[in-house]
Amino acid sequence: MKAKLPWGLWRAQVLAILRLELKKNFARKRAIPVYLLAASPLALYAAHSIGYARGWNQCTGHEDLTDFARVFQLFVLRLAIFFSAVAVFMNLFRGEVLEKSLHYYFLAPVRREVLVVGKYLSALLVTCVLFGVSTALSYLMLLSHLSQTKSHALAGPAMAELPAYLGVTVLACVGYGAVFLILGLLFRNPIFPTVGVLIWESILVFLPSILKKFSVIFYLESLCPVKVPFHGGGAMFAISADPTPAYLAVPGLLCLTVAVMVLASLCIRRMEIRYGTE
Amino acid sequence: MAVYKRGYEGYQGKLTPEWSRFLVIARQAYRRVLDSKLMITFLVLSFVPPAVYAVLIYLPHNAGALQIFNIRKLLSIDASFFYHFIATQGFLAFVLTAFLGPGLISADLANNALPLYFCRPFSRAEYVVGKMSVLAILLSAITWIPGLLLFAFQSYLEGFTWFRENFYIGSALFLGSWIWIVLLSLLALAMSAWVKWKLAAGALIVASVFVTAGFGEAMANMLHTESGGLINILKDMDAVWFSLFRLTNNTGLAFESAVGALVAVSGLCLYLLSRKIRAYEVERS
Amino acid sequence: MSGDNQIVFEDVSKFYGEVLGVNRVHLSIPPGITTLVGPNGSGKTTLMNLMTGLVRPTRGRIRVLGMSPNEPERLFRVLGYCTQFDSFPKGLTGYDFLYTTLRLHAKGRAEAHQLAMNALERVSMTEAAGRRIASYSKGMRQRIKLAQAICHQPSVLVLDEPLNGLDPMARAEAIALFRALAGEGLHVIISSHILHEVDRISDQVVLLSNGYVVAEGQIQAVRGEMHQEHPLQILVRCTQPGLLAARLFAQDHVAEVKMHNDRQGLLVSTRDPDLFYELLNQLVLEGTVEVSSVAPADDDVHSVYEYLIGTEGGAA
């Protein structure tokens, strides 16, 4: 007779790990850079609204929506969420090794797979909440400012795009989180692969379509409601590719995450506690 | 113990000069640096661009090459040429800093080594200068030193008149490199001191450049102002380099504003260092 | 004794690259207090890490009460480990540390709270429990580590140098705690350098040197197997020591007899203590000598350590 899986036990343990991680990593000064990154778009939009109210800048509603899309894709996704994921997910296990506290988890009656899931979910919860709230508030600030301009008619339809932006934000946390979780496990000095990923995603616009698929940002930009054409230096060398439809992009990112979790679980299962070698 | 039994005497021998003691730290750091094959490979590869630039300087003065390629028309060896050299080497210097910088102070902090340093006649300033010298020497080797050699090479091939007329390029190479070296070193040390993890320090070094650059651009987009560029360290350095090389400044930032921003960043780094480099740590219960 | 009540190492070796951790270890550790004794680098921590799954053996098999260290979800319900690492999760108070550990054990809120308070009381850390661990003294950190190892009421307790940093009073309390736990039927495995305390608390010892087990068992039994190479030294206080010495010299099993400085006793080295005691009894009954005290001088851990491992680290 097959034994029933102890889902109740695993749920309780995942919740315990979540509580511990939130207390240890996010309710402390060390999380300030992540909070600042999440708050930076809010500061920008607040300044923009104040600037418009005082007549320092004049812009049309259409420009505002395009600017939001540009800032969202080029700053929030590629930099703010990217580096927050580096700070949060890469340190889930690598940080514990550096602090010599990973063995406390290994000495608890927790399956290593459950440990990986618990830690990943704790980091995902924080990043999704922070950047989700930041994105939502930024967009709502933009819409409230929009409704006071001549383009107030755009505000209603634009509201329908908020769920898409929130969905992309969550998927960005999921995708980048998985990538940096596994980089933190596989590499003792993950800075080089991090810089490698950053450079790869920066030059993505110049790469052939087939290579573009090996990145998280390509799928995220496919899901964004407003497309932002590339205007920078070398625009003539940019190669455009058909965006991936949502029914492929979303499951693709989720499959990537599941694959990473499986690989991470295997790594953790085989991991030994030897702090002296770090 | 009876006085006559006390045989111990303090060291009476010669002491090294006080000014050179910070080099002890640099020597120890170099041992670790030069142990890394990856580091050696990167350093070697960093000399490839200067070699390429040297060939590009030589070709216009070679009669045979002139006949075949007509290079003088394609490439002029001027301030813009040397600006691109310093920009290239400046990027390599940043990568080198991102790799070396994190481990400089964070390892000492994580392993409680600071009390061991400061219980000796060794000041905090000497400690910081010692750590900075690790980066300063290596970054110099890939920036202004090959830059000045290229400048000297070009001057040799063109003659004294060219040298006299373009002396400002040499001084721009030297001064521009040192500004970048000091900024990178202070940034790397401050990030390394602020977090105890080498990994987090590395991420912070990279993020502090790219995220500020991105935020500056986002500010420019949203607020329709060029002032956002001030928090973009790369843009500030570009503005400084453009001014030093007497090129057209297309960054939208004035030289004085850019210098002010860089000084502010350096001041912030020094403040962070002064807070963190101490022989003790206060833990609030 | 069934294997399910023991901690068993079957031909276990562990290499860290080219560096030997332990080699060809065969051990069966019964309930009670077992102390791992050996110089630095002898493999004590490696053995502990192997039995708790923090490192995996290069070769061989380990079973802890019938469970493999590769099943942490089963093993750590019954095993607690107080490691040598003086590091803790950042930002937690002593109470938080224990409470969250117990929640990881899937204990409910009330139960976790109660068990945490019990553990804190046992290690006398109740008053400091609300303070951050980073502000604790070394001794307090050691005690909180101990509390973390015992809070979930394990059957096996593995303690890597648990008395480090403790003042004499705290040491005595800790030793009393280990005795009490062993008396309740736990396996208590301790590593220690403090040989006189090892003597006091251990039921059995495992001596390690250079990654090899050089001896295991009760200390007197181990000493008993060494009489040929290292004759037992017995201090006899008596009248007429010269007369006793003369009778002893005639015995084959007596290796050496030394007169005590105060000439009121002898230090006898014998390869067969039973024969020696028999002879001594006979002499006393004959009235040849009056004996005021008889005591072995080198059947403690310290002596066994010196003989087997010595100051040079001993032979493999």
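Think of it as A, B and C in the order they're written, each chain with its own count starting at 1.
The working rule: a contact is a pair of C-beta atoms (placed from the backbone, for glycine too) under 8 Å apart; a residue touches a chain by one contact, two chains touch by 3 or more.
For clarity, every value in this text was computed on a predicted model and none was experimentally measured.
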Requested in this report: Would you identify the chain whose C-alpha centroid lies closest to the centroid of all protein C-alpha atoms displayed?
Outcome: A
Query raised in the report: Which one of the chains is farthest from chain B, going by Cα centres?
Result: C
Report task. Please compute the C-alpha centroid of chain B, do the same for chain C, then give the distance between them in whole Å. Result -> 55
Report task. Indicate the whole-number Å distance between the mean C-alpha point of chain A and the mean C-alpha point of chain B. Result -> 31
Query raised in the report: What whole-Å value do you get for the distance between chain A and chain C if each is reduced to the mean of its CA atoms?
Result: 51
Report summary line: Among all residues of chain C, those touching at least two other chains are none
**Report entry** For chain A, residues contacting two or more additional chains
**Finding:** 30, 99
Report task. Would you pull the chain A residues touching chain C in the complex into a rising list? Result -> 9, 12-13, 15-17, 19-20, 23-24, 27-28, 30, 99-101, 103-112, 270, 272-275
Report task. Show which residues of chain C lie in contact with chain A when the two form their complex. Result -> 16, 49, 52-56, 72-77, 80-81, 83, 85, 87-92, 96, 100-101, 103-106, 148
**Report entry** Contact set on chain A toward chain B in their complex
**Finding:** 30, 33, 37, 40-41, 44-45, 47-48, 51, 56-57, 59, 67, 70-71, 74-75, 78-80, 83, 86-87, 90-91, 94-95, 98-99, 184, 189-192, 194-195, 198
Report summary line: So, in the complex, the side of chain B touching chain A is made of residues 95, 98-99, 102, 110, 195-200, 202-204, 206-207, 210-211, 214-215, 217-219, 221-224
